[in-house]
């Protein structure tokens, strides 16, 4: 099947050089450092409440902070040791984040040793999924593609919603990152089993179809999963054309099923649930083997790292230790990014820890990074052409500049998925995503004021 | 691939920014540069056909445009000088290519002053102007110095030699469109049309460029090569030249079919005058054309229609400059009406 | 000659017809407005700063006449003007004490270390919503001038990476306080002198000392010398805070903070501060001299020296 008749989403999108330098590097485990720092907020929603205090002994797999509220998640200790402190540490934004600091005793003792069942369709058939939501919640699983939405909430859509499609996101459209690719190649069976479990969970309301979407630059992953996944049920492994942001939830649903999620609504509205492949594997581990989320695969890459690798890292390991393990950073390195180069977060310090949503540690050097000053917008229209949500980024930036926030709402600024396609293609190197984020803050203020006034009446 | 030395991570000062951290290499200075490169075939043909004069005009136009922009930015606006984005050079080049080879140096400088000063900087600089600056300059010169701007006499190059060989009185040195327009409305109007229509082989020289006109517009072949180069580079918006020239072709064909004696053959309209230069390089100016695909098609059609209106029924032999300027004025309106389709709405 | 006459008559005729059209349309489309609104609007400062929360001074006047709400206040208008406005509108207007803006930070580029390089929109709220800023202290004034842009009275400018406030021009409208994303600006009473703690950092002393040479380390010396208990350090806050209502501008805390210089005194209080510091220096010198003299004196009880 040639690249031209492969499925993809219909609106917008850009072609970015994929730079998958570490695609062929197998996952290596990283030695666990002495200090583990676990922030109580590694997910979307309310921060977890600490259950331990200074001096407490903890074991690996122990819940050390519990979910607080409906949209929240547990924090699990990834090592055994002693709690040195529960204090403010620097978060990825540079601001303080309450974190549990643990001195690793190096013994890796678990509170309840997980089993190690080889995945197979038989195992899935024998597993009782009535407790899947509770198991996933206990294990502290959140979306591991980077969005970190609590999975237990995603697996519990509002009553009355019928889910007929479960999609696994194996696209990994961000350049440089290869964590998902390696997981698919090396742990295809866990992924397929995880998907099958989720499908079984939703099939109580009707038949469920499974899809695994993989971009065409990972032919080995496509081959492996195409062999294994269909044995677990009605699952189709679909190769997708290379186009960013193919991995965006709405774009992926559109590419695989042709359905469009309405503006402002969730995928469950069109009967779909999307999970990252790593999350699916974690779901299998939690439900079948009772293994909570304590580690994840991180791609360490970019022109500014000495040795590029895919590492299996215990959560709470600092970026600095990981980078030192990879030989350190070079003198021409310019940016340290958590995630990929399009949507990742630029950090101001390497002391931050690897948390549940960190899919990559990217060190860009001066040539690779976008360090340009802003130049005037030349109205080339490329940003309009590439926006996958059909928005007009140049117009949004202009309206923010002149302060017309009502117009921003009208133009649909809240639909923006902040994929960065406009920022990438802008001929004037304008900070479009930053403008749009500011615009969203202003529009949300406007909406709050409006609701307050309406309530008064 | 990787840098040389390893540095201390704790002491490293990182750059923090938002949005995508990588960028497409084809930015504003690159785009301008590629357009200048695409115009080189036309410049080469200009020098071949018109001789050293063409070089003189181009040089004066480019240098004066850059000097004027630099001077305005430094002394009037107290802003940083942005000549490195190549936009002044491009405007100067386009202005120069729109002028006759006989243009005096002072007229070129006035043209640059109006193009850059009024057409671009008065609105705030790059990206803020509603009208194509090179065209603003050209039209100002056309209206201010009509005789000089239609003095198609040539002393050098291929045409210059041609004129020297033939007796000077036999060559009016007029362009085909000008030739026809000067007889329109008179009793000789039909004769003029018939005269040109019978010379169908002349289309070849018109296409290659060995005929009178302003130095950049004569060689449609060279301009087409430039246009295709931009397409190959991925920075052409092909929809404007396609819809512009397509509309001209359709209207010219309709006019000819309706009245073969009164109107030129359609292919004359396509290869004469500034159509190719206008369609490929002036109407496609990013700042002044609409930002959406459908908007640009409408823009191109509008340009084509107004060009033909002026050519067939208006007072000027050539309508490209005016047509593009009028459509530039309508660009914001087109942008407001033609909005992209939204996802999930 | 007749051509000139014709031209004059024709142009004059057209002008006359157009004038008639204008007169007719100005009568037809006339919007009746309460003249009271204009009168009140003209009494307001005409700065259109937006501090009242209404669109400009005329917007405020319009709503005031409509609602006659005594709680509406223009923070910038003088007391006399406010009384007059109240009289015209027929309500008792609320009074407000004159205030000026004060900046609780002295982290200039020379005083505070930079930890990163920021590439992005040059606006405080843009930088703040992205991360903690390029200065090491995450509580500091960011210095890209959002407050300056919103001040309608020209009282703010940016120098060496920090906002600088001019109390002479400041009217206490409070727009800068609303705009600052770090909340390092507050309003204090407009008095002869101004005593302000120029730090907002909640970080503990070792962290502050590593980041900034003029940050407050919450040592508590100022708390001990204050005669009115106006300056306090809440346990765990790591910051000295002055209660503007209690402060009597004596300057003792300013004089006491002579190592970090984290409290700033402006106006006549500077003299008091200079006097107190000189007095302390003299006392120290006298003590030192006395100690030296005591050490040099020979023992008188017969012991060998």
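Should a chain be cited, it is by its letter among A, B and C, assigned in written order, with residues numbered from 1 in that chain.
Just so we're on the same page, a contact is a pair of C-beta atoms (placed from the backbone, for glycine too) under 8 Å apart; a residue touches a chain by one contact, two chains touch by 3 or more.
Fair warning: this is a prediction, and the values are worked out from it, not measured in the lab.
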Pairwise touch network: line, ring, star, complete, or other: complete
Most distant chain from subunit B, judged by the mean position of its C-alpha atoms: C
Inter-centroid spacing, subunit B versus subunit A (mean Cα positions, whole Å): 48
Centroid distance [mean C-alpha coordinates] between subunit C and subunit B, Å: 54
Centroid spacing, where centroids are CA-atom means, of subunit A and subunit C in whole angstrom: 43
Multi-partner residues of subunit B (each touching 2 or more other chains): 14-18
Multi-chain contact sites of subunit C, meaning residues that touch two or more partners: 115-116, 119-120, 126, 130-131, 134
Residues of subunit A touching at least two other chains: 346, 348-349, 371, 431, 434, 437
Of subunit B, residues touching subunit A in the complex: 1-7, 9-10, 12, 14-24, 26-28, 31, 82, 85, 125-128, 237, 286-288, 290-293, 296, 339-345
Subunit B contact footprint on subunit A (complex, rising order): 11, 14, 16, 175, 250, 254, 260-263, 265, 303-306, 320, 323-324, 327-337, 341-344, 346-351, 362, 364-365, 368-372, 375-381, 384-385, 387-392, 394, 412, 415, 420-421, 423-429, 431-434, 437
Contact footprint of subunit C on subunit A as seen in their complex: 93-96, 346, 348-349, 371, 373-374, 431, 434-435, 437-438, 441
Contacting residues of subunit B [partner subunit C, same complex]: 13-18
Sites on subunit C touched by subunit A in the complex: 115-116, 119-121, 123, 125-126, 129-134, 138
